[in-house]
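I've put the structures underneath this note.
Two complexes follow with chain A in common, the first pairing it with chain B and the second with chain C.
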Partner chain A sequence: MYAGQSVKRVDAFDKVTGRTKYTDDLCDRKAYIARVLHSTIANGKVLRIDTSEAEKVPGVVKIVTCFDLKEKHYYPTAGHPWSTDPSHQDVADRLMLTERVRFYGDDIAAVVAEDEVAAAQALHLIRVDYEEYPFVLDVQKAMEDGAPQLHEAYPNNILKHTQIRLGDYEKAIQEPGLIKVEGWYETPVVQHCHIENFICYAEMEGNRITVVSSTQIPHIVRRVVGQALGIEWGRVRIVKPYLGGGFGNKQDILYEPLCAWLSMLTGGHLVKLDVPREETFVCTRTRHSIRNHIISWVRPDGTYAARKLEAFSDQGAYASHGHSICAKGAGAFPQLYPCKNVEVDAYTVFTNKSVAGAMRGYGIPQAMWAVESHTEDVVAALGDDPLAFRRRNLMPKGYVDGFSKNELYEDSFNQCLDKAMAAIDYERKYKEYQNQTGDVRRGIGMAVFWYNTAVWPISLESSSCRMVLNQDGSFQLQVAETEIGQGADTAFAQMAADVVGVPLEKVHVVSCQDTDITPFGTGAYASRQTYVAGFSIRQTGLLLKERILDYAHELTRMPVFNLDIKNGNIVRITDGRVLMSLGELATQALYSLSDSRHITAESTYQIKSNAYSFGCTIAEVEVDIPMCKTKLLNVVNCHDAGKLINPALAEAQVHGGMSMGIGFGLSEKLIYDEKTGRPLNNNLLDYKLSTFLDHPRLMAEFVQNPEPTSAFGTKSLGEPPACSVAPAIRNAIYHATGVGVNNAPADAHNLFRAFTQAGLIHDER
Partner chain B sequence: MYDIKALYEAESVEDAIRLLQEHPQAQIIAGGSDVLVQIREGKRAGVELVSIYGIDALRGVCYDEEGAIRIGSLTSFSHIAADPIIREQIPVLGEAVSLVGGPQIRNIGTIGGNTCNGVTSADSASTLFAWDAIVELTGPEGIRHLPIREFYIKAGVVDLKPAEVQTAILIPKSSYEGYFGNYIKYAMREAMDIANLGCSVNVALSEDRKVIRDARIAYGVAGPVPMRTPSAEALAKGQELSEETIGKVARAVLQDIHPRDSWRAAKAFREHIAVEIAKRALRQSILLGGGVIRE
Partner chain C sequence: MSKQYKLIRCRINGKEREAMIDVRASLTDLLRNDFRLTSVKKGCEVGECGACNVLINGECFNSCIYLAIWADGKDILTLEGLEGPDGELSDIQQAFIDEAAVQCGFCTPGAIMSAVEILNEGRELSDEEIRIRMSGHLCRCTGYENIFRAVKKTMLARLAAAEKNK
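Here is the complex of A and B:
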């Protein structure tokens, strides 16, 4: 069995030797270079674009402006499966270039040139006249009557408002003796900061257009490029090479349609569009900033009587993934701490900011920041213990969600908490750090999270797999689920080797997805790659095995039910004798003079299930109060992600997610100029992504309760590690200082304000 | 791909001066960790460059005949941090330049570039201000020496005349003998960052180590160029070693500095931090000098 073993990544050697080819490595150097001209106002209309000076730059091939877009095919960008029901389709509000500008950085023109320097010089010389409108950056101000309107179809800029009503909140709060705890908790706009910026290139062959793109979702990109260009989807071919990270930003259609169009406008010439880091921050996607208002009514015995959440999610200028993000967080609210009387109102609202889309955790990091910060405030109001309160109120074993039918099969929360506490020596430190004084204080805090795995029952997804047997008994494995750095290809190879019965090296994973060749599937998103591909790999592997054994019967005359494939050999079950190698069989099959077969298998599996994933973070900090600084001393995540296919890769996944959580909690924040709407820190110097030196050793622990709905006992792990880190750090700071920072991140600026307000630091002037 | 019109590589200081005279619009480039970034941003698009990076005579640290520490302008940050003379006499400079960017930047970046760039946040600059460093400039007219405080004219502008090259930075013996220093960089993360505020202090104690004989306090990012704090320094002279002295002197820096209010950090916040890091750097410098601080 390979499942459960920490085998080496199938792409390890190529990646560490630099042999792996990413999109830019693959692009021929004769490509034209495309650059996009972005608006320098936050809201308004382009009146004129003067390209005359820019066109004189030697090397400029073509300049295209928003006024050249004669046929306006509005398209959606979210990397969701398409819905054939128009009422469930994503909002189609984007154009490749737009006259109506809705954020500082909107796409209004593009230059195609022979090299980067000519393209940059031309961009610099284009003159634009605008009609400027007032703009709005604050999510709640955008909802006010009279606020600048971004999209006509959405009054008060509200893209969507959903509600959850359980029991009777108003009646429940009349219960005598209740303690009311209320707070506002907000998360900032942050960005994915994958190492490889978004890049794609396009060229034509015949009447078809090929786009090679750094995307998580090739089959979805194909559909949207077809929609955006108004051409038949079959004329579009998308190729997805190795990725230098995506984290959800590349679960969106970014510049693929524009790049394809620019190629079509230059005679089908090869055109490359490589987005600089500064533009990746502003013009691709961000994480939704969400402002949450929570009211809890708690009984003196430490149980909830009624709870209420209002969430205001800042969508930025276009719909992208829209309300799905805020709705997911809102949906978690009544489930994580079940309570009979709950009111939830979730709003997703347009503002004149960069477009928010999918990002690792899809609304749950924001929701956990709010819910787990608030939990700590409730604990404080009750004089309760953070651990005891959670044990008392968290989702219990046996809980079933009415909508998804997801079930908590084991006592996962307590198991995860126990393991994390042991790893970090929680109980000793919690006691030791109570009631400190002095400038430098330590604290320890916790937070939990809840997560789904796939998308069912919001949509029915399928996974397809193809296996093709070679002469030497090895086989190619193709799935539409994409390797984006997370190690999916390795997990797929492990599962496939086990199902078919071959050594791991006999599985050749075709890492590149090409929509002309790769079986259909919707790509890497949610935390579903291993879960959904597991079904189709298992089903297809069994099909391949059946065909192999059928042929083995022809060759050996042994009944199929007495045959098996073990370690790449055809084995007789009754005595364990090796009858022939799979290679001998495959060679026979291809070159036989009497019964020649090309042994392959392909199948599609419909995924009509989903699975809960759970876990927690415990963080230990040292706060230097006068310096307004937090040092993270220790941090541990513990996950119940079901059975791990590859524990070493699972640990690496958790480390990456924890790192993202550390930045979210302590330092990251995209800032906009209130006067102009211009993003101020859209580079890796001013945007404070945390560095190695800001990290302690990251500890990852696991509880492996097998998931019964899953082909290999697995459930989500990709996104969960990023969900609970930030509030655990916030709660540790609270434990150390008694000061709760409700607006993430707990950076020096916010700590200075909070400590000044709490009287912990004094004005020295 | 960078928008560079021409690159001329100098083989010696004389060669560099000649090239700069022949191409008066040209920009000097050494390690390039600032200049290339500016070109990429489009600020110097189409620039002509004279590279001095190949002039090995400008690398290294030694004593000159008067006992001053002479640091060649092309000496990299990682070289300075590891250099035995620096470690023995002015270890604080090695510590300060070890806080620049990351390892790659410290290998390519030079102390000459760091100072000629004229920015207030340069990690070497406040420490060089504290040590009363002398800048050596070589041009068509010969060599001239300038106190570093006069070298900085305003934000981004230094006193570098046409065809002149900065060739060394000198720390006079009288500046370092008997002094102990500490630098605190205040930034938002532990690496790959530019200071929101930097404070470099050095202190000389009396022979009995009971009082402060002299204190020099310098700041980066407390104004448009690095600066010293004359009021606080005057106050420190002759004071006993106590927490009270440290607090009083640290608070006095607010009479001298004028940090900006910007989105990178609010003025009130920077002032608070300025006092706090002055306290800590003073305390550490006194301890390094063998002083005992009364509570």
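Here is the complex of A and C:
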């Protein structure tokens, strides 16, 4: 059995030797270089673009402006499965280049040149005249009557408003003796910061267009490139090499349609569009900033009588993944701490900012910031204990969600909390850090989360797998679930080796995906990879095995029910004798003069289940109050992600998510100039990604309750580690200082404001 | 500025090399484009992320903000130069595999080169020193934890081996 073992990554050797080829490494040097000209106003209309000076730059091949886009095919960009039901389709509001600009950084023209320098020089020489409109950056101001309107079809800029109503909130709050706890909790715009920027290149072969792209979702990109260009989808081929990280940003159609178009406009020539870091920050996607307003009515015995959430999600200028992010977070609200009377109103609202899309956690990190910060406020109002309150009110074992049918099968929350507390010595520290005084204080805090696995029943869940047997008894494994750094290929190889019965090295995972070759599937997102691919790998592996044993029956004359494949050999079950190797069988099958067969298997499994994943974070901090500085001393995450296929890689995955959560809690925010709408810190120096020095040792713990609906007992782990870290840090700061920092991140700026307000420090300006 | 070219001579991964280069080119461009040493990654091109780090005369630099003409007469080592003649891995490369310090792999080449600079000093660094020395690398996948483990483990193994050979 390989599942459950910490085997080494199948791609590790190539990655430590520099052999691994990413998009830019594959692109031929003859490629023309494309650069995009972006809007330098936050809202308005392009009146004229003067390219005359830019055209004179030697090496410029072509300059294309928004006025050259004659056929306007609006397209959606969210990396969601297509829906044949128009009412479930994503909002199609993008054009490859646009006259009507809606954020500082919108795409208005493109230069194609023979080299980078010519492209950059030409870009600087293009003159643009705009008609400027007023703009709006604040999510709630954008909803006011009279606010600048971004899209005609969405009055008050509201992309979508959804509600949840359980019980009778208004009646429930009449109950005598209730304590009201109310707060506003807000998360900032942050960015994925995968170290490989977005990059793609395109060229024509015959009348088809090939785009090689750093994408998580090749089959979805294929469809959208077809939609954007107005050509048949079969004329588009998308190739996905190794990725230098994605984290959801590359779960969106970014510049693939434009790059394909530029190739078509230059006679099918190879065109590369390599997005610089500064533009990746502003012009690809960001995480939605969400402002949450929570009111809880709590009984003196520490139980909830009624609860209310209003969430205002800042979509930025275009719909992208849209309301699904805010809706996911809002959907967690009545489930995490079940309560009979709940009102939820979730709004997703356009503003003149960068476009928000999918990012690791998909709305849950924002929701957990609000919900778990608020939980701490409730605990404080009651004079309760953070742990006891959570144990009393958290989703209990046996809880079933009516919509997804997800179930909490085991006592996962308490098990995770127990394990995390033991790892960090919580109880001792919690007591020790009570009631401190002085400038430098320590605190310890916790936060929990749940996370779905995959997207059923909101959307299609389907996985296809192909296995092709080689002469030596090894086989190629193909699935459309993409390796983006998380280690999916290794987990898939482990699963496939177990199902077919071969040594791990006999499984060759085809990591590079090509929509002409790879079986259909929707890609890497929703922490779905091991869960959904598990079904198709098991099903296809059994099919391959059946075909192998059928041929083994021909060769050995033994009945199939007495045969098995073990360790790459055909074995007679009755006495355990090895009858032949799989390599011998495969060679005979291929070259047989009487019955030649190329043994392969391919199948699709449509997944109609989903699974809750659970976990918690406990963080210990030291806060220097006059310096408004927080040092993270210790941090632990504990996850119930079901059975782990590869514990070492799972642990590594958790470290990465924790790191992203630490940045979310302590340092990261993309800032926009109030006067111009211009982003101010769109580079890795001014945008404070956490570094080697900002982390203590990261502790990752697991509770492994096998998920009963799953093909291999697994459930989501990719995104969960980023979900509860930031609020745990916030609650630790609260424990240390008695001050709740409700606006993330808890950086010096926000701590200064919160400490001043609380009277801990005095603003002497 | 019009194009100007200059001939440079340097050692790259142990071999004497010559190249006519655009004087505006960075060392990253030279290594990636002229010698196809694609382990040298571009993550920011302004010296913020560390993905392009290489050793120049034994010292680690961001090759993206190091002009190619400055490489004239220098000894340059990229990740490709770490493997032995028969493709055997160096200890630090093996440690990155064993400690699961590799995920997407994009920051890996640069991080390994910084680790090589540290390890070649042949002294024991404190945890804090290792963190400071590695802090020029941004990584979004690993949380730095397993990279730290790989560097520390290799450092201790080398020191133990050196002690034994005394």
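Keep this in mind: the second predicted complex is superposed on the first by the 762 of 765 C-alpha atoms of A that agree within 3 Å, B and C clash if a C-alpha of one lies under 4 Å from a C-alpha of the other, contacts with A are read in each partner's own complex, and residues count from 1 in each chain.
The definition used in the following text is that contacts are C-beta pairs under 8 Å (C-beta built on N, C-alpha and C of every residue); 3 or more make two chains touch, one makes a residue touch a chain.
Remember, predicted model here, so these are calculated numbers, not experimental data.
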item	value
Contacts of A:13 with chain B and chain C, given as first, second, both or neither	second
A:428 touches, of chain B and chain C: first, second, both or neither?	neither
Chain B versus chain C as contact partner of A:692, first or second or both or neither	both
First, second, both or neither for A:165, with chain B first and chain C second	neither
First (chain B), second (chain C), both or neither touched by A:88	neither
Touched chain A residues, chain B compared with chain C	C
Which superposed partner A:48 touches (first chain B, second chain C, both, neither)	neither
Contacts of A:124 with chain B and chain C, given as first, second, both or neither	first
Partner chain in contact with A:247 - chain B first, chain C second, else both or neither	second
Partner chain(s) touched by A:25 [first = chain B, second = chain C, both, neither]	second
Footprint overlap on chain A, comparing chain B with chain C	117, 684-685, 691-693
Complex contacts: residues of chain A adjacent to chain B	115-117, 120-121, 124, 626-628, 667, 671, 673, 680-681, 684-686, 688, 690-694, 747-749, 752, 761, 763-765
In the complex, chain A residues that touch chain C	6, 8-9, 11-18, 20-22, 24-25, 29, 117, 192-197, 242-245, 247, 274, 276-277, 484-487, 648-649, 651-653, 655-660, 662, 683-685, 689, 691-693, 695, 697-698
Footprint of chain A on chain C - complex, ascending	24, 33, 37-39, 41-46, 48-49, 51, 78-80, 82-83, 89, 93-94, 96-98, 100-109, 112, 131-132, 134-135, 137-148
Of all residues in chain B, those that touch chain A in their complex	1-3, 42, 45, 102, 186, 188-194, 250-251, 254, 263-266, 268-269, 271-273, 275-277
